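Below, chain A partners chain B and then partners chain C, in two separate complexes.
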Partner chain A sequence: MLFNSLEFFLFLPIVFLLYWFIVNRNLKLQNTFVLAASYFFYGWWDWRFLSLIFLSTISDFILGILIGKTDDQKIQKRYLYLSFVVNLGILIFFKYFNFFIEEFSRLSEAIGLNANYSTLSIILPIGISFYTFQTLSYTIDVYKKQLAPTNDFISFAAFVSFFPQLVAGPVERASTLLPQFLKKRQFDYTKSVEGCQQILWGFFKKIVIADNCALFVNDIFGYYEYGEVSGLILLIGAVLFVIQIYADFSGYSDIAIGVAKLFGFQLMQNFNFPYHATSTTEIWRKWHISISSWFRDYLNKPLFFYFRHWGNYGLIIPLILTFTIIGFWHGANWTFIVYGLIHGIVMSIELFSKKTRKKIRKKIPKWLNSSMGWLITMFIWVFTCIIFRAENMTLAVNYIAAIFDNLFVLDMTQVTSRIIFQSLLITLTKGKVLFLLILFMFVIEWIYRKYTYGFKLNFKIPFLNWVFYYSILLLIILFGEFSQQEFIYFQF
Partner chain B sequence: MTVQDVLSQFNEIFIDVLDDEDIKLNLETTADDVEEWDSLSHIQLIVAIENKYDIRFTASEMESYRNVGEMCNGILNKLAAKV
Partner chain C sequence: MKRFLVRISIFFTVGFFLLYGIGELFLRYPVFAEKIGYSESWFRVYKIASRSKEDINSEILYLGDSGAGQMFPYTEQKHYLPINGAILIPGQYILASNAIKSNPNLKSIVLIANPLSIAAKFEDSFTCNNFVKPFYTKENLPHFSDLLLKKVTIKPVTKFYKYGFVKLLPFSDIDYFNQQPELTILSDISLEYTRKLVALCKKNNINLTIHSGAVDIKYKEKTNDWTEMKAQIKKEGLTEVFRGFFENMKYYESNQFITGQHLRKEYLADFKAYILQNQKQLVPKN
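Then we have the complex of A and B:
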C-alpha cells in the first residue's frame, strides 16, 4: 500500500498500537509481528511477489550461515557469488530481461540477421531493486567479517522486509539495521516525536509540493512532442520536475525514516539537502545516500582498488562505470544509462580540475565561488533530469533541443496555446500559491540544514511547535493534491 | 625504520597527494580528521605508498586498517617480511 493512501492511514495506527501494547512482551513476538505486518503491507499490492522476497531472504539466510561455518576463503567466496547470482538473477530477470532481448534483436537486425526473439510479459515487482540490494549487503558484510551471521530466521526475514523501507529504501546495511532487530525495542517518546515531525514534513513535500508540480510536469512533458511549445515553458517544466523529484523522493524517505522511528528503529539519512551542493560530486554525496554509498562501498571502491595502477584511467574507468551502473539501476532504459554516464563524466572532469578549481577558489570571494559552482551544478542536474524523465532518448534530445531552439518564441499553435492556457488556469488558482509553497519548503529546509531532516522543530515554548504542526497540516489540507499519485521511486 | 620514520614519510605523501600543506598526522589520525581524505583520495594515497615502499596491499588488508598508526605498522610488517 502507498504511504499516501487511506489504507496506510488505517494500517499505521493499528500496527503501532498492537506493536507497543499487545506484542510488546518479548523480542520474538515483536519481530514476528513486524514480519507479518510487512508481508501484509507488501502483499496488499501483489501477494504473488512475496515469494520473491521470501526466496531472496531464505537463500541469503542460509548462505550467511554457510559462510560463517567455514574458514576456507575459496568456499566462502563461492557462497558469496551464489548470493550475487540469486539476487541479481531475480533482479535481472524481472527488470532487465526484455530490455536485453529487444536490444539483442535490434543488434542482430542491424548486422543483417533475421532475428525474431520474443519478449516475455513480465510485470516489474515493486521494490525489487531495493530489497535485493539490502539482502546482498548482508552476505557481503558477513563475507567481509563485518557482521556475524544470524541464526534467527524471523529477525532476518523481518530485516529484509521491514515495511517502512521495503519498497523504496533507504537501502540499509545489514551491519547497522540487523543488530537493531536482535534487541528488544523500548518506546522512546523523544524519538517518536521526531518521527512524527518527519512524517508530517514528508507528507507536505509529497502531497503539496511534488504532486502539485506533477500536474504541470506531466502536462508539459506529455504535450511538447505534438507541437512547438515555447522553450521557456519547457525549461520551467524541467525545473519543476527537478523540484518534484526531490520533494517526492526525499518526502518518501522522510516518511519511511519517521515511521521506522515510531517502531524504535533508526534508519540512515537518505538526503542531506542535495540542492545546496556546489558540485556534482557533492550532490551525489547528498542525494539518495543509501544507494550512492552502497555503490561506493561495494562497487566503486573495489574498482578503484583493482585499477589503481592504471594512472588517470584507473580513476576515470571506475567512476564512469559506477555511475553508468547507478543510472541503469533505475530502470531498463537507455535514458537512465545516459543519465548515469553523463554524471560519471562530469565527476571525472571535476576530479581532474580539482587543483585548478582550488587556485580559482583562493582568488575570488567565497560567495562568488559557491554561487558559480551551484549554478553550474544545477544546470547539469536540470538537463540530465530531463533525460531521466523522458520516455526515451529521442524525446529527451528533442526536448533539450526545443528549449534552445525557441527559448523566447511563443508560437501559438493549438497544442501550445492549450498548454499555456491550462498552465495559466492553474497559475491563477494554484500556480502562484505553488511558487510560494516551493519557496516555503526550501526556506524551512535551509533553516534546518544542519539536522538530519528539514523540519526538526525545537522551540523552547511547546505551543510554537504546535502552531507549526497545525499550519503544515492546514497547508496539506488546503493545497494538497489528493489523487494518491505513486511515488516516483516505487517504479525502480 | 621505526614507526615514527614511516609516520613522517607518510606525512609528506599526504601533503603531496591531498595538496594540503597543513596536514599533521599522528598515529591516531583517521579519515574523519583530514578534510580531503575521502574514498577516492584514499586510493591515490595507497598507490603513492605502494610505489614508495615497493609493496602491494590486498583489498582486505586495506579495509582492516582503522587509523594511520595501524597502516604504518602494516607497512613495517610487510617490509620486514620482504627481508
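Then we have the complex of A and C:
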C-alpha cells in the first residue's frame, strides 16, 4: 500500500480509531493489532512476500534468545553469523542474485570461458533492504549486550514489521524502537498534532514537489540521445532530480515518522536538511541518517578498528569501503557502486584536507567560505546523482558528457531541446508554478531548520497555524500530482 | 484524545466548506484559477468551453476536435472554439447551445472533426477529464439527456461531479473505458446529440455544416470507404447535415501526421484553405 494512495487514506483513520478505542485495553492487544495492521499493509502489495518478513522475524527472534542463553562467546558468534546468513542470504538472493550471475558470466567470457549462466526471474520484495537491516540490528545489539533478548514474540514481530517504516525506513535500531513496543502506549495530544503536521508536510513534499519534478525528470532522463539535447536542459533535469529525490525520500520519512507519532511511537530523524550542508561529509550526516548511521556503527567502526594499524590507509580504506557498500545497498547496479565509491573518495579527500581548509577558512569571510563549500558540495552531489539516476554507467557518462559538450548551446532550434523545453514549461503552466513551490519548500525548511522536521508550526495564535495547514492542504489538492508515483526508495 | 478528535473533525469540516467555496469560485471565475496557476487537464477544457458563453463578435462559429484546433486555434480568435474530440458530440452541442444563447447574431456553425471524433463513444479513458468534469455542471444539466445522464452517473461517485469541489479532489478521476473497439459508426450519444444539434440550429435559424478533418489514408481501406457510417447516416435521416462530408473528405499519408489525427505543420495551411473553400460552397447564401 502506498502512502499516496486512496487505500492508505482509508486505512490510516480506520486503524487509528481501532487502535485507540478498541484495542487500547492492554499492551498485548495493542501489539497484536499493530502486527495485524502491518501485515495487512504489506500484504496489500503482495501477500506472498509476508513469508519473507516472517522468516526473518522468527529466525532473529529465536537466535536472539539463543545468544542470550549462552555465555560462550564462540557459540554466540555462531548464532550471530547464522543471523547474517539468513538475513543477508534473503537479501542477496532477491536483490543481487541476477547481478552476480550476469557479472560472473561477463567475467568468464572476458577470460575466454564459454559461460552460459541463466538468470532467474525474481521480483524484488518491497522494503527488503530496510527490514532485514532493522532485524539484523537486533541480533547484533543482543550479541553486543546492548539489548536484552525479548521473549515476547508478538512485540518483536510488530517491531520488525511496523507499517509506517516497514517499506522504506527509517531503519530503526532495536535498542531504541523495541523497548517502545514493550510499554503500553498512551495517547499524547502534542505528539499527535506534531505527527499530523509532519504527515501534511511529507505529503506536500512527495505529491507536490517530488512527483511534479518526476514528470520533467522522467522526460529528460528517458530521452537517451543526450547528445541532441542542450546541456542546459540536461543540467536542469539533473538539478530537478536532486530536488525530487530529496522531496520524495524525506517526504516519505516525514509521513512515516508522523504516522508513528499518531500511534505513540517515536522514530529517529532521517533527514536533517541535508541540502544546507557545506561538505559531502556533512551531507552524509544529514542524509538518510538511519542507514548511514547503521553502516557507521555496524560496519565502519569495526573496519576502522580492524585497520587501525595501517596509518592513513587505515582511515581511507574503511571510509571508501563503507560508502561503496552503502552505494551497493541501494541496488544491484554499477551506477550505485560508483556513486558510493565517489562519495567515499570525496570524504577521504575532505578528511585529509581538513587542516588546509581550516587555514583557508581563517583567511576568507565566513559567508564566502560557506557559500564556496555549499557550491562545491552541491556540484559533486548533482553529478553523482546523475550516476545514481542513470540506468547504467554508459548512459550516466553520456549524460554528463553531453552537459559539458552542449552547456552553452542554447540554440533551441535543436528539435529535441525545443520539445523538452516546451514540455517543461507547458506541463505545469507548470514550470513557473513548480519553481515557486520548490522555493516555498526550501524557504519553509530554512525557517524551521533548527527543528527535527521542516514544518513545526507553533504560532501563539492557533488561527495562524490553521491558515498554514489549509494552505498546504490546498497546495496539495490543487497542484499535487496524483498519478500515484511510487516512492523512489521503494525499489531499494 | 477527545480534544484531538474534536479538533480534527472541525479541521476537516471547515476544510470541506473551504474546498466547496474554492470549487465554486473556480467554476464561476476560471480566470482566477488560471492566475494562480491551476492547470489540470479538465480545467483547461472547462476554461475554453466557458468562452462559449461570451460574445464571440462574429456571425460564424468554428467548433471541432484538436485536429481542427490546429487550424482554428482558440487562442487566435474568439469565434474559434475547437477543443478536442474527447469532448464528444454532446460537448460540441453544449458549446453551440451556449454560443447561440449569448450571440443572437450568429448565423453559421461549422463543426470540423475527423469521422472518428464524430463517431466517438462515451466509454473512453479520456471522457472523464474532457467531457464529464468540464461539462457536467449544474448550469449544463438541462442539456443532459436521460441516456447521457445514465452513462455519466454509472458510478455512484460521479453524481457529485456537478459540484465544483469534487472535480478538484484527488483520486476523483473515473475511467469510463470499456473493452469495445474504436467505433467507425456513430455511437449512440453521437447520434442523439447530432440530431439535437441539427434541431437546435434549425430552431435558431442557423446554418450548420459538418466538415471532415484530415483523415489518414489507412482508414479508407480499413472502413471500406466508410460504407457502414454512410449507410447509418442515411438510415437515421441525417444525410442533409452530412452533405459533402464524405465527398470532401481529404486523405493524407500516415507520415504526413504528427500523431493520430494531427497534421504536420507544413500541411496545415493547405488543408485550412481547402476547408474554407468547401465551406463557402456548403453554406447556403442567405
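Everything that follows uses one rule, which is that the second predicted complex is superposed on the first by the 474 of 492 C-alpha atoms of A that agree within 3 Å, B and C clash if a C-alpha of one lies under 4 Å from a C-alpha of the other, contacts with A are read in each partner's own complex, and residues count from 1 in each chain.
Simple rule for what comes next: contacts are C-beta pairs under 8 Å (C-beta built on N, C-alpha and C of every residue); 3 or more make two chains touch, one makes a residue touch a chain.
Since the structure is predicted, the reported quantities are computational estimates derived from the model, not experimental observations.
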Of the two partner chains, chain B (first) and chain C (second), which one does A:Trp20 touch, if any: first, second, both, or neither? second
Is A:Gln485 touching anything from chain B or chain C once the two structures are fitted on A? First, second, both or neither. neither
Counting residues of chain A in contact, which comes out ahead: chain B or chain C? C
Let me test your reading of the model: by the given contact rule, A:Thr278 touches which partner, first (chain B), second (chain C), both or neither? neither
Using the superposition on chain A described above, determine whether A:Ser108 touches chain B (first), chain C (second), both, or neither. neither
May I ask you to decide whether A:Lys432 touches chain B, chain C, both, or neither, giving the answer as first, second, both or neither? second
Scan A:Lys355 for contacts with chain B and chain C and give back first, second, both or neither. first
Given the touch rule stated above, what does A:Asn398 touch, chain B (first), chain C (second), both, or neither? neither
Between chain B and chain C, whom does A:Asn98 touch in the aligned arrangement: first, second, both, or neither? neither
Give every residue of chain B touching chain A within the complex, in rising order. 19, 39-40, 43-44, 46-47, 50, 59-60, 62-63
Chain C to chain A touching residues, read off their complex: 1, 3-4, 8, 11, 14-15, 18-19, 22, 34, 36-39, 168-171
With touch defined as at the start, can you tell me which chain A residues reach chain C in the complex? 6, 9, 20, 187, 189, 192-193, 196, 428-430, 432-433, 436, 466, 469-470, 473-474, 476-480, 482
Parts of chain A lying in touch with chain B, wherever the complex brings them together: 144, 296, 300-302, 304-305, 308-309, 314-315, 351, 354-355, 358
